[in-house]
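Note that the chains are named A, B, C, D, E and F in the order they appear, and that numbering of residues resets to 1 at the start of each chain.
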Amino acid sequence: MKMILTIFFIFSLISISHASVVDFCVADYNAPKTPVGYSCKSPENVTVEDFVYHGLNKIGNTSNIYKVSFQPAFDEQFPGVNGLGVSIARLDILQGGVVPLHTHPDASEVLLVTQGNIVAGFVSSNKVAYIKTLHKGDVMVFPQGLLHFQINSGGNTAIAYTSHSSENPGVQILDLALFRNNFPSWIINATTFIDYAEVKRIKALFQGSD
Amino acid sequence: MKMILTIFFIFSLISISHASVVDFCVADYNAPKTPVGYSCKSPENVTVEDFVYHGLNKIGNTSNIYKVSFQPAFDEQFPGVNGLGVSIARLDILQGGVVPLHTHPDASEVLLVTQGNIVAGFVSSNKVAYIKTLHKGDVMVFPQGLLHFQINSGGNTAIAYTSHSSENPGVQILDLALFRNNFPSWIINATTFIDYAEVKRIKALFQGSD
Amino acid sequence: MKMILTIFFIFSLISISHASVVDFCVADYNAPKTPVGYSCKSPENVTVEDFVYHGLNKIGNTSNIYKVSFQPAFDEQFPGVNGLGVSIARLDILQGGVVPLHTHPDASEVLLVTQGNIVAGFVSSNKVAYIKTLHKGDVMVFPQGLLHFQINSGGNTAIAYTSHSSENPGVQILDLALFRNNFPSWIINATTFIDYAEVKRIKALFQGSD
Amino acid sequence: MKMILTIFFIFSLISISHASVVDFCVADYNAPKTPVGYSCKSPENVTVEDFVYHGLNKIGNTSNIYKVSFQPAFDEQFPGVNGLGVSIARLDILQGGVVPLHTHPDASEVLLVTQGNIVAGFVSSNKVAYIKTLHKGDVMVFPQGLLHFQINSGGNTAIAYTSHSSENPGVQILDLALFRNNFPSWIINATTFIDYAEVKRIKALFQGSD
Amino acid sequence: MKMILTIFFIFSLISISHASVVDFCVADYNAPKTPVGYSCKSPENVTVEDFVYHGLNKIGNTSNIYKVSFQPAFDEQFPGVNGLGVSIARLDILQGGVVPLHTHPDASEVLLVTQGNIVAGFVSSNKVAYIKTLHKGDVMVFPQGLLHFQINSGGNTAIAYTSHSSENPGVQILDLALFRNNFPSWIINATTFIDYAEVKRIKALFQGSD
Amino acid sequence: MKMILTIFFIFSLISISHASVVDFCVADYNAPKTPVGYSCKSPENVTVEDFVYHGLNKIGNTSNIYKVSFQPAFDEQFPGVNGLGVSIARLDILQGGVVPLHTHPDASEVLLVTQGNIVAGFVSSNKVAYIKTLHKGDVMVFPQGLLHFQINSGGNTAIAYTSHSSENPGVQILDLALFRNNFPSWIINATTFIDYAEVKRIKALFQGSD
C-alpha cells in the first residue's frame, strides 16, 4: 500500500504540465511546416496507427509512359516519419519499364531489390557513371543529389524499395523538370545543347508548354 | 548633436520591422512544437527570468522505491534552454538509493558528483560494462542511448548533476518501460527471457497491467 | 578540332590537383575513424562494387536461441553507405522466433515486412506501448533510442528489412547488455528489480559471468 | 491521346493532398518562428520574387560614426533564404570608415572585396591576430563566433560582400554591446579592465546609460 | 613584476599540451578526408594566408563551348573554408554565354550579380520554373539540389559570385553528366526520352563514348 | 550444451572483422583532428578511465589578475567527451574575483552555482543586457556566441560548473583577444573607440605588444 503510493512519486516526478512531445513528432498537417518538417501532433492524439503505413502493400498505377509505379511513404504521406530522418518508398517496374533519370535533392538512397532484375546506376560530379545489374536481395546506394536511374533488365515485373536519409527527400525527375511545365524551350536548348526541335518534340510528349 | 543623430543611423540600419528572434528561441508553450523544439516566444516578451531556473536548488521528493529524486531542467521545464542543444538535471540519491537502468534516447550525458560517492556505469553495444566508483568532483560520460545506472555507494545522500547534449534528452527507465504500463507480460517474457512469473511479480510492484 | 580543344577547358577548369572526394565518402577501413564515420577511400580506388552489397540476398544463421537472423549492411559491412546517413538490414524470424527487446542508440528505424506476419512494438519515454500486428507490405517506424521488438506472429518464416537514419545505428540488445558479460549480478538486481536468482538463471543461459 | 492520359498518372501519382513544401521553406513572417528559422509560406503563395532580393543594389546610409553601411539579406529581410543555411550582406566603407569589432554568434563568414582596399582581420581563441590587406577580388574567411573587423585602407569607398553559413548569423557589435544600452558601467569596468572614466566617455558617445 | 607573473597563470591555465585546433580546421590535403571535410592542419603551421584566397580576382578561361568561366573557392582550392560550412565562387559569362543546367548536390546557392544582366532560374520538385532577369546588385537563391541555370541576357560580360551553404557543394552539370563519359547512350535514351540519334549527336560534341 | 553453442551464433552474427567504433569515439590525440573532433581510439584500447575525469575535483590556480580558476573538461583534456556534443568545466571565483567578458564561439552554456553568490549576465545581438544575481542551486543559460560574464557578488569563494553544447566550445576572452597579443593598438582604437592611451595602458597590463 505504502509502496504503491511511493511509486507514484517517481512517476509524477518527471511528468510535466503542458502537452509534451519527447521521443517523436508525428506530423500535424494542420499546423505550420518548418524548415525541418511539420509541427507535432499533441501526444494524446497519437495512436499506433500514426506509426504504421499500409500504402505500400500493393502495386500502384503503372498505366504511364514509364511503366512504373512509385509510391512514397515520405512525411507528406506518413505522419509517423516526420522528424525521424528516414523514409521508404516502393517501386514497381513492369517489363520494359524505366525509372527515368532523377535526383533526390535532400537525401541519399539505399535501393533493395526484392523481385526481378534491375540495371541501376548514378553519375558522380566527377562524371563517372557507376552502373550495375542487380538481382533479388542486392542493395545499392545512390549518394545525395546525384542523377540516377533504374531499368527493368528483363523478365517479369521488378520490385524494389528505396530508403532515404530524410523523411522529405524530394524528387526531381529530369524529364518532368524540363519538359512538363512552362520552362521556355529556348532556355532548355541553350542550357542543355539538346536540339530545339527535339525539345519541342519531347515537350509535346510530356504536355509541357512554351 | 550631429553625432547623436548619426549614431542613430547605425542603430536603425540593422533594425527590422517584424518581431525578430536572432540569438535565442525561448520556448512559447502555447505555440506549435517542432521536430527540433518549441516555437519561439516573441523577444519583447522575453525577460532575464526566462534564462534562469530555480527548480534545482533543493532536493526533490525521494519517497519512492528508488530513494532518488531526479529533477530535470529540460525544455519542458526551462523555456530558456529551448533550441540551445544543452540542458541539466539534479540527482539526489539517498543512502541505499539507486537510479535504475535507463537510457536517454536523444542525448549523451556528463555526470558531475558534488556530494557523496556513486557507483556508475554503462553498457556499450559491444556488451562491455564500463563501471566506476565516483567521488566528489569526479566526472563521467554516458554516450547517447546506452543503458546506464547510478548507485549510492555508501555514506550519506549523494548529489550529482547531469548535463545533456540536447534540451530534450528523453528518459526511458527500463523498469517503467517494461513493468509500469499495459505492455503484455507474455511479450516481455518472450523478448527478454525473464521468467513470466517474475514479470508478473515486478509488474505488481510497479502497477503495470496485462 | 577547335571545339574539342575548348571543351577540354571547361573540363579542366574545375578539375583539382589532389585526390578529390566530392559526392561520397566510401569507407577506408585502414584509415582513422572519426565521430561521423570512416575516412574516405581515394576516389581513384572506388569502383561500383563499393556501392553494391550482396550480403542480404539469403537468410543468415538462425541456429540461435532467438530463431532469428539479423544481417546488417551498416558502415562496418558496407563501405558505400559511409557518410550517407542511411543504412539497411535484413531480418529473418523463424516460426516461434523473436527479435528481443533492443534499441538503436543512434538512429530511428523503418521496418518493412516482405513475408509473413510480425507483431512489432515500441515503448515511449512516456511509458506508452505502441504495438501492432504487421502483414506483408506493412511499414512501421521505431523512433530513435526506444526499446522495441518483433515477434513472428504465426505461420512460416517472416522476413523484414529495417532502414535506419544513420549508417551506424548501433544495436543494444537488452538481454545481451544485461546477461552476456561481466555486468555484476547485484547491480542488475539493484537497478532493475529483477530477482537476483532470476538474474543468475538468465546469466547462465547467456553465458554471462559475475 | 492514350499517351496524354497515361502521362497524367505519373504526374498525379506523387501529388499530395495537403499544401506541400518540399524543396524550400520561404519564410512566413506571420507564423511562428522556430529554433531553426521561420515557418514556411504555403507553396501556392510563393512566387519567384520570394527568391530574389533587390535591397543590396545600392549603397545604404553611411551618415554614422563608422562611415559604413551594412545591408544584410538575412532571413529577416529576405524570405527566400529561410532554411537554406546561407545568406549574404553588402558592406560599403567610406574613406576613413571602419567596420567595428564584432562577431556573428551563429555563422562563419566569407568576405569578398569588389572595390577598393580593406585591412581585415580576426582574433582566434588562441589569441593570435590574423590580419591582411585585401584588394579587389580577394576573399577572406572569418570562422564562426570570432571577433573580426574591416577598415578602409586608403583610397575611395571600399565595397565588399559577406556570405554566411546561416540565414540567421546574428551580429554582435562590441561597441554597441558594451556601450549602447543599460549594461552597468561598473560591470563593464570590472569585466574588461577598461578604465571606468573611459567607459563613461564612450557610453556618452554611444548614448548608453547606467 | 608580480602582476606579470600572475597574468601568466591565466594564460597557461587553459593552455593544452597537444596541438590544439579549436576555432577552425584549415585543410591538410595530405591527411585523410572525412565525410565532413579534410583533416585539420596543425595550428602552428597555419598562417593568415590559409584564410585568404586570391584565385577569384580575375576572369578565368572562357575558351569553351559555354563562353563561361567558373572559378570555385571550395575546400579543394581554399584550405581555410574547410569545416566552415560556407564557400564562394566566381562566374564570368561572356556575351552569348550560358551556365548550363546543373545542380549542387550538397548545398544551396546565393547568386550576386556584380556586372551585366543575367537571366537565371531553377525548377522545383513540383515542376515549377522560377525564372527572373537579374541586374547588377540583384541577389537570387537556388535551393539545394535543384536544377538551375544562368544566361547572359544581353550586353557585355556578366559577372556574378555564388555563395554556398557548404565548403563542398559539388557540381553536377547535366550535359557533362550525360554526354561526356561512358554512360551508355541507350540508357540515356531510355531514361530521358531524348532521341537516340540526338544523344549520339551531343555525345560527339562533348566527346562522350559508348 | 547445444544452447551454449547456438548462443554463440547470435553473438558472432553481428561481430565484425575490423576494429569497430560504434557507440562512442574516444579521442586519439595522435591521429588527425577533423572539423568535428578527434579521430577515434581503437575500441580495444578504450578503458573506463577514458570516460572518467578527475581534473575538476579541486580548485585550480587563482593567482591571477581575475582571482579566478577556470578548469575545462573539453575534448582537449577529456578524451571521452570527443564526439558526444557536450562538455563541462569548473569555475572558482575568489572574493572580489571576476570572470571577464568572453564568448564561446561554438557552444551555448548552462551555468550551475554550487557555492556562493554570482552576478552573471549576457548581452544579446539586440543589445539587451540580461543580468541576474544567482545563488546556490540556481541555473542560468548563455546562448551561443554572446558576450557574458560572472562576478563573485559577495561572501566567500563562489563555485560554479558550466555545461556546453559542444565538446569543443572555444573560449574567446575579450581582454586577452584585444590586449594580450600583437593586435596593433591603432586598429583596436579604430575598431572599438577605446582611447589609444587606454589601449596602451591595458596592453601593458596584459603584456600585449604593438
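Just so we're on the same page, contacts are C-beta pairs under 8 Å (C-beta built on N, C-alpha and C of every residue); 3 or more make two chains touch, one makes a residue touch a chain.
In this text, all values refer to a predicted model and were calculated from it rather than measured experimentally.
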- Touching both chain C and chain F we find B, E
- If you take the chains that touch chain A and keep only those that also touch chain F, what is left? B, C, D, E
- Outermost chain relative to chain B, judged by CA means, is E
- So the chain most remote from chain F by C-alpha centre is A
- By how many degrees does chain C turn when fitted onto chain E using C-alpha atoms, rounded in steps of 5? 120
- Note on the structure: Here the gap between chain D and chain E, centre to centre from mean Cα coordinates and rounded to Å, is 20
- Item | Length of the line joining the C-alpha centres of chain B and chain C, rounded to whole Å | 26
- Any chance you could list the residues of chain E touching two or more other chains? 20, 22-23, 32, 34, 36, 65, 105-106, 121, 124-125, 131, 143-146, 170-171, 176, 180, 205-206
- Using the contact definition from the top, classify how the chains connect: line, ring, star, complete or other. other
- Give every touching pair of chains, nothing left out. A-B, A-C, A-D, A-E, B-C, B-D, B-F, C-E, C-F, D-E, D-F, E-F
- Query: Touching chain F in the complex: which residues of chain B?
  - Reply: 20, 22-24, 43, 47-49, 51-54, 56-58, 73, 78, 80-81, 84-88, 107-110, 112, 114, 121-122, 124-126, 130-132, 134-146, 161, 163-165
- Provide the residue numbers of chain A that touch chain E in the complex, in ascending order. 65, 98-101, 103-106, 119, 121, 123-125, 127-129, 131, 143-147, 149, 151, 170-172, 174-184, 187-188, 190-195, 198, 201-202, 205-206
- Message: Which stretch or stretches of chain D touch chain A in the complex?
- Response: 3-4, 6-11, 13-14, 16, 18, 20-23, 25, 28, 31-32, 34, 36-40, 82-83
- Item | Residue ranges of chain E in contact with chain C within the complex | 29, 32-36, 60-61, 63-66, 68-72, 76-77, 105-106, 168, 170-171, 176, 180, 205-207
